[in-house]
């Protein structure tokens, strides 16, 4: 087998370096959030960038034990006590397009839009075109609307407040705002949700679209871990039962 | 990297062989149960052995959508529509010591007992010693009792009926029966459960203890798959909510 | 929480029934393959249908320890000895669009085509249209071509031989053959691969597209299980090392 | 179904609170490391505690793409492109007793020892007794020795330096040092490894034993995520092949 190439971690004989930075030095000076930024980027964050990433990671960590990610993890923790990693993994596996997944989709939408802006169009014109195209295709716009919050998710204001208060908001945030306006004009008022807000900011921080999903996974892993710990410390194994009603074909007489 | 060694599958240039058997030939003549036996053994089963393994694999496949394995898979299928394998994996991850895990533990117990029998002791004496030791250590005897069925699980009779009707029952089944008698005499009547029954039979079929867990995983994978399919075809994404009551520390005023 | 509905398994008080069939009865008379068919369908298979499903499940179970599914499972088995289910799940998680995933995609393609046939078009005309559309979109046709086998995968002939020899081949197989012809005429000769063959047959057996992926998962779970067992019985923990070359940014002097 | 209880996150109607703290407030003031501490504890950390947890989380995040956790994640990322969570989960599943698991085991050892100290024994006497017992049982002492580093892991000095420089080192660190001394006296010099160092510190920070494993999982999730991102952005699907040599039974003539 050929060796694998990697540009992230140099686990050479005497030192471990992450993108050129000595891990021993980072352990003494940096925060975990700095390291997360560095692992997915080519540099450490500025203090304002770190603040913003901390807010994103804190905002997604846990929304209660009933969220699919935490509920699945507790089910695994209840049946499979011998493996903490199995329970955390079961929780992570619920994350996808429908659960925590809109961030990547909205980053892709914004990135597509900014590509057209770089080719000469205005942000507002591109936003209107993107909304019209999605409407014509019957596609949902990722990053807009929410199942639960009928009005603005308060985390959105925090994220945008931090971005705009620190001059980190750039064309990503501008495109998200323009999309929100185009949705209001062309469809109906549907506010940006938390996935849309962090998508806008992560684009401005220079991350590619898959990072929207990956940062949510890292963030939620912390919350899942705490739920798994509580299930182990406080509950009996196999305590969870889900009531089910069978409504399929009737019993047959076997001949 | 050195090459990995394997004695199971020869994926050589012109043919694929499983333990020496041509896969193309097996595809035309054998059953999937034959292949499962062959993959974990060094030969194909006899018809009676195949019948017994079919019964074991059928008996464990699915006990309803509320079982932890199926519920976790449905949660993942509900949030992560893009990956069927993620949903099946989430279900499998609930399988462990507390859920579907007693089979391996009981196989280990029987194997330990048969080791002493081979060293000269009688099956009944070994069974009484094993029960006494477990009782002294306060340990649960894997393969005995059940959370739900207060009397004998009807699947146990089917498994033992097939084994004893076909002369496949050997010292594994004898040891399981002797353990059941010793439990009755030394503690109280606690019937063998389905995990204990299949453990006894799998020992007599020549499988090592981890196979008890692995065959349950293969069997349940089929049931999980069907639950995931139904969730996709019949239910909306993110339809599952679990009610949660917070009973932790009160809200604090942040200063 | 409301109860969940299910039409698959009735785990009622006294019996367990799968789509109306008594599990105790199935344990004595049916094969595991019968049960897999029943769990994903609304009836048991005929003998010819069972033969075909056995061939499909046998053909996909294991292609050697170096396949991604088996290699990932062995890595997990090597590091996480306490949980057999974690190792099997790690293997299953490698299955997706690029690994074992073309079956579902090809079933979707065939189903789309048969929808047009039902609306009045001929199979050949629909096949040519589908190939032209894929070509215009620059899309890969799922179920055609193979990374390794430059000529026909011998399993394809076995699957089609069984289907056509038993009168089970219907419009699914006809559409697959017509697509193969249209590919040859409009692009270049690219044979149907095993994913395409089983897709055609599964459509004719009445299964919806996700079943292509799910049956591969069930099938491969058996192979992964055997690889995990061998890793446990034969190899030391953490024996696997992968050689990696770092080619990222150079070491920095930290100030 | 009864509601589930939780003491971690209050996802009530108007606010989300983590152990009584408002998430919106935490997003603006706290670090992700603060939140991880809070989720697994009943309070926020002091600055010195945060520094120590940052060091622990940074030190475990990634040791190169060849580590089992990263290699399994890359295999899944290579075959299953549609699901980033599946790839991260596959990596996490390699974490267990043999890979990243010694931290929890060493925390349990230290906790057992401190229980005896609380009952009146001296730390040194307890340490000698624990080492003697492990030696008599032929058991490995979790947290001592290392597969690769023949001398002291430099991360150990960083962790202990931070703990001892900030007066956070307590009986956990004292017990670990005493165990190291007893190992040297009764067996041979085997240094504490990184798992042992973080175990000692996490005991002194007031965390229960499973947290050793869980914090490694959270930490490594960040590293796995970066490896998965690189695999997506830089490599072709299914590019990884592992060389395998079959050494099982010879091909058979099927009759």
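All chains are identified by letter, namely A, B, C and D, in their written order; residue positions are counted from 1 within each chain.
What we mean here is this: contacts are C-beta pairs under 8 Å (C-beta built on N, C-alpha and C of every residue); 3 or more make two chains touch, one makes a residue touch a chain.
Please read these numbers as outputs of a predicted model, since none were measured by experiment.
Engineer: Name, by label, each chain that touches both members of the pair chain A and chain C.
Structural biologist: Chains touching both chain A and chain C: B, D.
Engineer: Work out the mean Cα position per chain and let me know which chain is farthest from chain D.
Structural biologist: Between chain D and the rest, the longest centre separation is with C.
Engineer: So how far apart, in whole Å, are chain B and chain C when each is placed at the average of its C-alpha atoms?
Structural biologist: For chain B versus chain C, the centre distance works out to 23 Å.
Engineer: Can you compute the centre-to-centre distance for chain B and chain D, using the mean CA position of each chain? Integer Å is fine.
Structural biologist: 30
Engineer: I'd like to verify one number: the distance from the centre of chain A to the centre of chain B, where each centre is the average of its C-alpha atoms, in whole angstrom.
Structural biologist: Their C-alpha centroids are separated by 36 Å.
Engineer: Which chain C residues sit where two or more other chains touch them?
Structural biologist: 1, 4-11, 64-66, 71, 80, 82-83, 85-86, 89-90, 93-96, 240-244, 246
Engineer: Please give the residue numbers of chain B that touch chain D in the complex, ascending.
Structural biologist: Contacts found on chain B: 1, 3-12, 15, 17, 19-22, 25, 42, 80, 82-83, 85-86, 89, 93, 242-252, 254.
Engineer: Which chain D residues qualify as touching chain A in the complex?
Structural biologist: For this pair, the touching residues of chain D are 1, 4-11, 16, 18, 23-24, 26-28, 30-33, 35-36, 39-40, 53-55, 57-59, 61-67, 71, 74, 83-86, 88-90, 92-96, 104, 154-155, 158-159, 162, 208, 210-211, 213-215, 217-219, 221-223, 225-230, 232-234, 240-243.
Engineer: Tell me, which parts of chain C touch chain D in their complex?
Structural biologist: Touching chain D: residues 1, 64-66, 68-69, 71-72, 75-76, 78-83, 86-87, 89-90, 93-101, 147, 237-238, 240-244, 246 of chain C.
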